[in-house]
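My structure is below; once you've seen it, I'll send some questions.
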Amino acid sequence: MHLQANDVVMKFKGVTALDGVDMELRKGEIVGLIGPNGSGKTTFLNVLSGVFTPTNGNFRMGDRQWSKVSLREAARLGIRRTFQNIRLFPSFTVMETVEVASAWLDKGDRRENARIALDALNFGQYRDRIASELSYGMQRRLEIARAIAGRLEFLLVDEPTAGLNHGESQDIVEVLQRIRDQRGCGIVLIDHDLNVIMNVCDRVIVLAEGKIISSGTPQQVRSDPKVIAAYLGS
Amino acid sequence: MQLAFQQFINALSLGSIYALVALGVAILFSILRLANFAHGELMTTAGFTLYMTLASGWNWVLAVIAAIAASVVAALILERVAYRRLRNAQPLTLLMTSFAVSVALQSIFLLTFGARPKGIELPAFVDASFRIGGMRVQWLDIAIILITAAIVFGLTLFLRKTVIGLALRSAADDFQTTRLMGVKANALFVGAFVLSGMLAGIAALFYFATVPNVVPSSGFEPMLKGFIACVIGGLGSLPAAIVGGFLLAFLEVGSDALLSDNFSPYLDAIVFLIAIVILRWRPGGIFGVRLTAEQRV
Amino acid sequence: MATQGAILSIAGLSVSYGTVHAVRQLDMEISEGETVVLLGANGAGKSSTLNAIVGLAPRSGGRLVFAGEDITRKPTEAIIRSGLALVPEGRRLFSNMTVRENLRLGAAALSTAEFDRERQALEDMFPITRRRAHEQAGLLSGGEQQQVAIARALLARPKLLLLDEPSLGLAPIIVNTIFEIIAELKRRKVTILLVEQNAERALSIADRAYVLAQGRLELSGAAGSINATTLEKAYLGEREHA
Amino acid sequence: MSMLSGKWWKQSLVGSALLLAILLAIVAIVALAGSTTDMRILMVFLINVIAAISLQTYAGNSGNISFGHVGFMALGAYGSALFTADPAIKAIGIPDAPAFIREAQISFLPAMLIGTVIAVAVAAAIGRVFVRLSGAAAAVATLGFMVIVYTLLSNAEQLTRGSKAFSGIPEYTTLGWCVALLALTIVVARLLRDSNTGLGLRACADDPIAGQAAGVDILNSRYVMWVASAAGAAIAGALYAHYIGAILPKAFHFELTFVLVTMVIVGGRSITGAVAGAALITILTEVLRRLENGFSIGSINLSEAPGLTTAVLALMIVATLTIRPQGLVSRWEIEELLQRWQLRQKPQASARTEENHA
């Protein structure tokens, strides 16, 4: 199944954050989204996941097409996400955090389902810990665990390695690859760590000023003069 | 026609009082995100001050000044004692604190003055009226309307022309960047509380001039009306507070005029119900923008 | 390097948001009259550094000395009043207020007469602030807003100007204007600490550069000594000192 | 530990049983050893617990405070009282009331149901507004609702005797009724809280964006809790009316609102918290009242605003919010508290054994 974004435009108070973005995402594929600050990466994720209603454009997935979707409806369609600034439920335990998604987006015993999602990320002995008291790296992983509980077609991950050290970043990368392999979902990955992007992505899309300026394999993108000029610097 | 004109004056006068209360509430909410339920008790403070000073024979001008000063001082004490250490607290914590402060102040009034209403000995000119074309118009109403207009005008000038006024406006928009301009955070808080206290004091003068009795819970009703004016206008915006205040007053006077006398005791209930219906369609108030903080991801 | 006459010296600065370490053990110095650029990929800790200097980001360690004065524990407003100015990322103009009102706040500590004098001097350099003085700042274009934001920061005649990503989200032609303004400021001997993603442009204008990766200093030296290869390695976090 | 694994509703039942066991122990002690006055305090306490748990069912789950639930209590109280009072008394007190009310004299349970249905109908009708509001706007609007009910009751003289006391209400409320309805309230409130709806709503109270991204329907979930909590409040109101035997609109105003909200805020964000808050406030009120008056009349609801008591209570709230903003038990339920306490003991114990080995 493909997720297709057609001519997506997003304007805030006259500022154009997305300027006609067309994108095709495939299941089983990890796509990296890079570009300078303010180039529209997070805005694209926000529009795709229903945080914002786009000024123009629409999406198509399977036989469904929409131009406006709420966060909740997007989640029910299997478009799941994490957030740039971690958004957990501060008073919840690890187990409860994932149970919420299992309860609302999955059938069957919500505790059993949550346990499965947590075990996939090796959360075993941390189940009863309070989410906000976990280490930063664990919090990032917990966000991912919550995002994979229940229906999952596409996983949108916004800077999952921000603030992590090299080992923790490596962990996250392996987790994402494993989720893709086991669940067969598509993954959209925004990250500032180019090493991560270059290593893990099947395809990289470069945004600048709300437009796609380049896309292709990591190697192609890395040597694209337009990318070097707009982002990497020379 | 004559009746309609008289009702119009009534609504303007009542709306002026509500607008002043709503403004005082909105100033603190816009800058500190503090819903100060104790605003009513600032008014009660002015009311008791008015009662005591007039009862002990003060000149009314001095009594008026004393009443406003009492409100301002009370506001400053609240800032220092109750709210300063909660500056970074959750909105719900602030809300509950102000609710508790309101109850505590009412209890202190009760312990000090007792539950019996204290009649305020208003100067005779409060009842003076004049006639135009067969209509009796109270000078008091005219004074309330004109003074409120002058206050709104003065406040606008203050907020547009003085640096502290500009800083109060910018702090409501973006507190951090205001500090980046070198503006002292404490000065902003003190400034906001002084303004709020002044508005409470002036609103109290008008309120008690129309209802010349003061009891410990006197401030509750005007406070609630002021808050509801803010909420139907759009919480946090000063112009919305003024519009909300007048809207509420026109609803009140209008309902009273249109409904039969049987319904007049239910007036508050009817007006609040209409307000709730408005909120059904515009949960953020008439001018409300959805708070952006929630949408910032 | 420049130890004598350093207007700002940073020693061992760390910034943490809860369990996130945005800046780790950073040492940095800026001398009077210099233009210094701070480079690094997204999330490397550049903005956190600037915010920590003015006391808006939580400093978890280190010492900051500005113009001979220890500002490590001072509140933001006191630091600003001692002669620092920050043009924050995304401009952060007060969008509901007029351009003139925004400028007036930039000179919050000055009297009206002083403000008028400073403003007139600046209006020649930023004609936009005269032409559109009474318009709402939020209605200006991004480039115009950036000019107003810089003018607002200059009004109090800061001893050191911090610029956080001034070219962010602007069209290339507007970016040129902004860099011309920075060059003009440099000619007028304004001391500048510039955070920029456009490394090439920034290096061409700066005297010296620092490069951050994952909150750590990866590279520092004269702007001319840094080229594309060393920079890309530093961005990717491969440690190498020039 | 083991009792907490398995299906969620099993844990709800275990927790309810534990809470109820503690409350029953208190009831037994007071019934065996307490004076008549103590019994009166106990009864009012039990009714307060029902009211506090009901308010908590909305506030604790949604994160929105409500100042309006006293209005639902009033509807439950008047609804039940009107249909049970002696027709002879009603013929004198409210001669102009409709005949089906004036002549009615039904038994406790159906009357209580009528009061509850009235409250639920009102809550359902206006609920869609309140679930859209949050923060200060929600607080103001619910306060407005409380004033609406108060204004209606104190002016509908043909029906309620207006601001005068409506008396002659049969004193049906026994210890048995209180305990039975308390048990029902606790179990239902726990099941609601732990249900998918409650869990999702509590998540949204922590972070609405993340909650919706996990699939939660905030508005409908809030609505469910709003209506359910109105029903609980109405039951508490009815019990109260049939305990005191006389009610007046003023009893359901600012004062009671403050007491009720204080219980919930001081307690914490759980059912256990509501119980703990109700217990603490009841004890404190009694102690303060004895200091103030030198004697006690057992009810914290009917008395004229006692300045000192209220002032001290208010200051306590401010102190609690400053020192412990999350409340006495924070977000935890009783079985979770026990489990966490156990977990804290364990690592210490194992650390000690390690020391011994070394």
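Letters A, B, C and D name the chains as they come in the text, with residue numbers starting at 1 for each one.
Assume a residue touches a chain if its C-beta (ideal position, glycine included) is under 8 Å from a C-beta of that chain, and two chains touch if they have at least 3 such contacts.
Keep in mind that this is a model prediction, so the values were computed, not measured.
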Of A-C and B-D, whichever chain pair has more C-beta contact pairs: B-D
Chain separated most widely from chain C, comparing mean CA positions: D
Centroid spacing, where centroids are CA-atom means, of chain B and chain D in whole angstrom: 32
Averaged-CA centre spacing for the pair chain C and chain B, given as whole angstrom: 43
Where chain C touches two or more other chains at once, by residue number: 95
Residues of chain B touching at least two other chains: 295, 297
Contacts with 2+ other chains: residues of chain A: 51, 83, 87
Sites on chain B touched by chain D in the complex: 29, 35, 82, 85-86, 89-93, 95-97, 99-101, 103-104, 106-108, 110-111, 115, 216-217, 220, 224, 227-228, 230-231, 235, 265-266, 268-269, 272-273, 275-277, 279-280, 283-285, 294-295, 297
Chain B-facing residues of chain C, complex: 54, 56, 75-77, 80-81, 86, 88, 92, 94-97, 101, 104-106, 108-109, 152, 156
In the complex, chain D residues that touch chain B: 63, 65, 67, 126, 128-129, 132-133, 135-137, 139-141, 143-145, 147-148, 151-152, 155, 208-209, 254, 258, 261-262, 265, 304-305, 307-311, 313-315, 317-318, 321-322, 325
Touch list for chain D against partner chain A, complex: 5-8, 196, 199-200, 202-203, 206-207, 209-217, 269, 326, 330-331, 339-340, 343
Residues on chain C engaged by chain A in the complex (per definition of touch): 17-22, 41-44, 89-90, 95, 138-139, 142, 165, 168-169, 171, 197-200, 214, 228, 231-232, 235-237
